[in-house]
Amino acid sequence: MAFSTLTSTTFLGSSRIDSASLPSDIRKLSVSSVQISFRSRIPKKLQINAAGSTFGTNFRVTTFGESHGGGVGCIIDGCPPRIPLSEADMQFDLDRRRPGQSRITTPRKETDTCKISSGVSEGLTIGTPIHVFVPNTDERGLDYREMSVAYRPSHADATYDMKYGVRSVQGGGRSSARETIGRVAAGGVAKKILKLYAGTEIFAYVSQVHKVVLPEGLVDHDSLTLDQIESNIARCPDPEYAEKMIATIDAVRGKGDSVGGVVTCIVRNAPRGLGSPVFDKLEAELAKAAMSLPASKGFEIGSGFAGTFLSGSEHNDEFYTDEHGRIRTRTNRSGGIQGGISNGETISMRVAFKPTPAIAMSQHTVTRDKKETELIFRGRFDHCIAPRAVPVVEAMVALVLMDQLMAQYSQCYLFPINSELQEPLIMPRLEAANASV
Amino acid sequence: MAFSTLTSTTFLGSSRIDSASLPSDIRKLSVSSVQISFRSRIPKKLQINAAGSTFGTNFRVTTFGESHGGGVGCIIDGCPPRIPLSEADMQFDLDRRRPGQSRITTPRKETDTCKISSGVSEGLTIGTPIHVFVPNTDERGLDYREMSVAYRPSHADATYDMKYGVRSVQGGGRSSARETIGRVAAGGVAKKILKLYAGTEIFAYVSQVHKVVLPEGLVDHDSLTLDQIESNIARCPDPEYAEKMIATIDAVRGKGDSVGGVVTCIVRNAPRGLGSPVFDKLEAELAKAAMSLPASKGFEIGSGFAGTFLSGSEHNDEFYTDEHGRIRTRTNRSGGIQGGISNGETISMRVAFKPTPAIAMSQHTVTRDKKETELIFRGRFDHCIAPRAVPVVEAMVALVLMDQLMAQYSQCYLFPINSELQEPLIMPRLEAANASV
Amino acid sequence: MAFSTLTSTTFLGSSRIDSASLPSDIRKLSVSSVQISFRSRIPKKLQINAAGSTFGTNFRVTTFGESHGGGVGCIIDGCPPRIPLSEADMQFDLDRRRPGQSRITTPRKETDTCKISSGVSEGLTIGTPIHVFVPNTDERGLDYREMSVAYRPSHADATYDMKYGVRSVQGGGRSSARETIGRVAAGGVAKKILKLYAGTEIFAYVSQVHKVVLPEGLVDHDSLTLDQIESNIARCPDPEYAEKMIATIDAVRGKGDSVGGVVTCIVRNAPRGLGSPVFDKLEAELAKAAMSLPASKGFEIGSGFAGTFLSGSEHNDEFYTDEHGRIRTRTNRSGGIQGGISNGETISMRVAFKPTPAIAMSQHTVTRDKKETELIFRGRFDHCIAPRAVPVVEAMVALVLMDQLMAQYSQCYLFPINSELQEPLIMPRLEAANASV
Amino acid sequence: MAFSTLTSTTFLGSSRIDSASLPSDIRKLSVSSVQISFRSRIPKKLQINAAGSTFGTNFRVTTFGESHGGGVGCIIDGCPPRIPLSEADMQFDLDRRRPGQSRITTPRKETDTCKISSGVSEGLTIGTPIHVFVPNTDERGLDYREMSVAYRPSHADATYDMKYGVRSVQGGGRSSARETIGRVAAGGVAKKILKLYAGTEIFAYVSQVHKVVLPEGLVDHDSLTLDQIESNIARCPDPEYAEKMIATIDAVRGKGDSVGGVVTCIVRNAPRGLGSPVFDKLEAELAKAAMSLPASKGFEIGSGFAGTFLSGSEHNDEFYTDEHGRIRTRTNRSGGIQGGISNGETISMRVAFKPTPAIAMSQHTVTRDKKETELIFRGRFDHCIAPRAVPVVEAMVALVLMDQLMAQYSQCYLFPINSELQEPLIMPRLEAANASV
């Protein structure tokens, strides 16, 4: 076993395809492939790989860009027109997500300043795609030299190779947390529209860091404010627990290790009726959104796994009619969703994030050509991703709700509603339009 | 407060729209709506509501039908041609899902016998849509008369009304667990193809019923067999814990109450490289699939929520090269997926199911016209859904893997693979073709 | 060369795969395939192949079933709730489409009576999928025996084999015109909603049969009525030309031959603003819809191919403001669509249908095993498909408009419209609700 | 009537919503909207509108950017990995599409130099999204000042306003032909892969300009070469007719007028089996692709509209077995597609393009605030779009075929093919890999 070096491997190595096992016509193809790969045996300039994808049907977001390269961003297609919008609506959450914001986040220095280059005219959305770009400014390609040949444990290095048979190596490419910038920018637009439309508020916060667990009920979801969340660098609304969390992260930082955590997210004033029966239940869409985030390992809605320890008579949410003649539930173990459809109660969910796999400690691993080696990660990283994941979770929840709101609107509001059973989605909250989101 | 009766409400009640608050042209529309609803004030024949939806992109499944009505089933579009297929391939799992299979399941009597009516010719799939139908035979519409006006707590009754402004009432409609028959039938096809293609095996089992928790590690995922799972009516491979689970369910059954549970699912021999970066990560697709199941409240992949209590150095899965020259991980806290892509290790996940909301105990609730009432559910139901959820979870996992396999094949296998990094998906396991799935 | 017989070929013939050219693991698979195909060498019961697919994003229609088999139909997903709907709304157009309606259509006897089995309760749509079924009653499987081995010229027989490597043979399967029943049923729902919503009227008629070409301008698109179209079996609103068309079809009928034709379709009172820039232009969606119809070979919007002979100064549609202050165009060479978006003028399009390929005349062809043979088609068929294509074209146009209306509504009407530039989509036409569509 | 001036209108004019006709809560919203629009009454900097959309399912292309603004381009998602690719593969067709390439094209000066910024590493695709950017260099915003208030006849100005209730005015935004750059860049990738994979060749050429109609059969589709097409600036492979076409365009150019034209496109060596039954027939996908192009008014496959004048016995394509044992058709009126699926014969289609609506002649029109006016277009434009449309038509055809090839591969080639009926898609043509596309 030896420490890996750059010279010990070719980049693609596809010259060693065992072509004898292939039928003759495919063999011919392989030979040609070989020639191709020879052409670029020695990496001159490591271009970056980028994986972009699209989320949503009506409110469609495609993100692009990667950790290293010109920059990152998104295209938002299907945005309602005539909404006042500027970079400031996105920048607020981008600043909450940005690296280097505090001593407990990765020291990479990025201002993450966004620029809208289409889809907005005269300060209003015009219905056509909104293109948002955030340049990368603090890249350090050299940090990744060693990783180009040794697979970092619990990263995407090995699986990208297994999937594509080829990979670029700098900074994790599309699997980098930097990809989430596009999500946060788009989420900012969705949040603004949801607030304008129905006064919907989406708040996430850190409810666990390693073994520091915020006791259930300590945070009052009816009165929780953004200021409480942002009052400390751990993004835990309880100051006492925030201190403990920060101390925990500081401790592992000293050791070059990392810890996991949990982010709780709530939605107040979510319109009723969002979500579609069967496969596109609201909790299913939220689960997909949350589990598409890097490092997420679990998702719960309402009572979640804890609810399995209850009996039906303990778990059911009884209905009553409140003083405004509105049908409500006395408890909310359903987490604001029943039968896959929002019921107007506060939506609540929890997302588990594993300990950041990037650690500054020696680990056993293998290289691309299957040689065993040891590796110490030398990039910059977060010792607990949860505090910075907070705005990203909020963004994904906003994208789901916005998409479902548009779906609900097009199907169920074309004709006058049945006001006995439904409520108007448009609520008199437009004063919020000029408020910061 | 009074027990609700059928005579106390109109069905739609849309006559009471406050049309004065609407502009004149919309008001006209409302008036017309009113006339329409008057037309059918007294329900003659309660037709059923049905919500069908589609899952998957390449291997697309649309389910149809509901608890009460002619029957249920699915259409499978995009199935590979020339696969040997018959009803038997689906019936095995349908029998595992069917009600009345044991004393701990709902006593509804259904044989759930499926019929393929298109897409298969001469015992082979022909590439065109496969239509599967399962008739309903033991409907009891009358059981639901009371529920037509009172919202059952933690059911979909209220939210369907909120969403659509209209609803049919029998048996829960598309929110009924009976809808999952279509999923299981389609899952049977996916399972068969995955096994033919790569020897992939998907096994789910009950790992928790109420407070009976199967200790981690008691079940060996490398040697787990279907026979072990099917050896008892709780579908827990450990006989001792199975007994405790059955006793627990028997106990709540006596009280008319219900309990929650957890289903664990593993996938052995999953092809490497499945899943797509960013939004369509394999765990995100699996999470959506699982959380689209009725009564599911939580999802975990690999270490899940428990992993958040670890440090990175404890959690990371180190790589090594095994005796066959294959890159493996020594531990599997990742649950077989890294960076959203399968790495060939056993995929493992857990799904939380809340206590069945249908209980034979008096509960407070409200009627459609917002009057408070009490309700005792008189339908037939499961006192713990977990044992019957086992084949349904397997089916959803199979649908996700099949869809991703086809995506992977079309993108990454058009040209000869890079055998240094990728492995052929086709493995010599066709002897399994004639084995039962 | 000889007339084909049933005994001259095996059904699948896959035993003759030249497995020597395959790698060993694949060879194993082939051998297994062989065993499978042997198993069913002699077709006992020719099951039918079915290809189902889905059209639309918001208003999604999946059709199922085939010429021979239990029946055909569709699932409509995403239909707005609270719309009065019954089978009668679909049956009207199904009767216009049905075979055997006149001497110039195929003599197959089908009443094509449809049955709604879900998604409608108390005479109102409930927002969940609408399942429509039409049983087949006049199947004659034996007519197709010869075709099972000989490829009918210009049919889908050969290409289904080329695509899937397996095929069932009766009645053309999913390529049969009988599949369009599901489209017509769904189109009936879309037509009704469009009429309720905006007074939109969709009329198609036959404008050419073989060399009988209705002169442009003879039909006044502003005053055209359904009665005019339905006044004769050719569905040409001009009685004189209708006579000529009928005589033409009678003449080829006598010879066992067939002729082509053109269907013109117009849309009056289409809402403005439908269609999306770039790839999803309204004319692009209409073109796809029309060209997905069996036997269609061409599509034109507005001036179409004839417009290429004009100069820009002759072709452009100048704007003016009409007496109601509405921006209009003086001419309509654009066909009601500019920049991919409807402008409120009458949408007009033409669809070319080739001569029915089924003819009762001897033709040279080959069998599945590549032997040359002669074939005389003995099934029942239309000698000109255009008259029966009329309601099918209308249906596809309705599906496109309904889908785009919902898309437009969700994106551009969430917030109050800009009434200087946009017009309310809801127009005071609900009196039409009770009229026949 | 007067010539429009910039001072005669406000930009949005939404202040004049007749809010009295709205219900009170909506009225509140309108008032707020008014305030918003006032905020930006005087356009300081006319930002550009952009409409981006996505084409394809497996091989997905999203274009972005507009005539005026930083630039245009596309994101290609789902591209097979390990394909040699560089900017040169796209630049060839971009040069064929670029303005200013000859005296008969718009004099706008753009080099249209493209830059790949992700998805390619070491000269090979890596399976992740490919981002392509082409900067705009010769914008002239001032040319469009007058158009900002007067609707250009037969442009998208009015309909964008009708759809969105807001619009930016420079250069046509997303409806500009400049958007097609992203299509051509992506098409270059698809063309290259199709050629590598199956030797597929896609050639389009101009077959009509105004009244100069290339006689059918003059161009031999079996021997047609790219050099023949590129031998003259009209892109008509027949030199004599090319001269006449060029003379025609020169003549209208002198008058400031424009003319229409037709582009014919053929595909040689298209794999058999592409296209899906029912809604996604290959000709339906091609029709949508072609009709999504700016200025297209008609589409024909094979015999097209002319085929309607034939009888079935004249139109049918009889089958025979050729000297290589391959099933072929003697004629090809089907245009290479039967039953919606390619049969291996040459695919042929024709696309009609209307006369460019931009003409340097005075036209009557109205302004945004509905005042009648006259307008002379002062931008730069093509007098006949057909010659520059040639590479764009090819690109759209390539995108359709590539997407369908991947769909076919994932469904029908997972398991060994039935070589009696199917043919291997991989053909020994990889020597083409290093040839220019």
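To keep things simple, chains are lettered A, B, C and D as they appear, and every chain counts its residues starting from 1.
By our rule, a contact is a pair of C-beta atoms (placed from the backbone, for glycine too) under 8 Å apart; a residue touches a chain by one contact, two chains touch by 3 or more.
Chain identities (UniProt): A, B, C, D = Chorismate synthase.
None of these values were measured; they are calculated from a predicted model.
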Joint neighbours of chain C and chain B, given as chain labels: A, D
Chain whose mean Cα position lies farthest from chain B: D
Comparison of A-D and A-C (more C-beta pairs in contact): A-D
Rounded Å distance, chain A centre to chain B centre (Cα mean): 25
Averaged-CA centre spacing for the pair chain C and chain A, given as whole angstrom: 43
Distance between chain centroids, defined by C-alpha means - chain A, chain D (Å): 35
Two or more partner chains touched - positions in chain C: 12, 14, 22, 26, 29, 33, 51-54, 81-82, 127-128, 160, 163-167, 174, 277, 412, 415, 418
Complex contact set, residues of chain D against chain A: 11-12, 14, 25-26, 28-29, 32-33, 36-37, 39-40, 43, 46-54, 60, 62, 64-66, 69-70, 75, 77, 81-82, 84, 117-131, 163-168, 173-174, 424, 426-428, 430-431, 433
Residue ranges of chain A touching chain C (in the complex, touch as defined): 21-24, 57-58, 78-83, 127-128, 193, 196-197, 277, 405-407, 409-415, 418
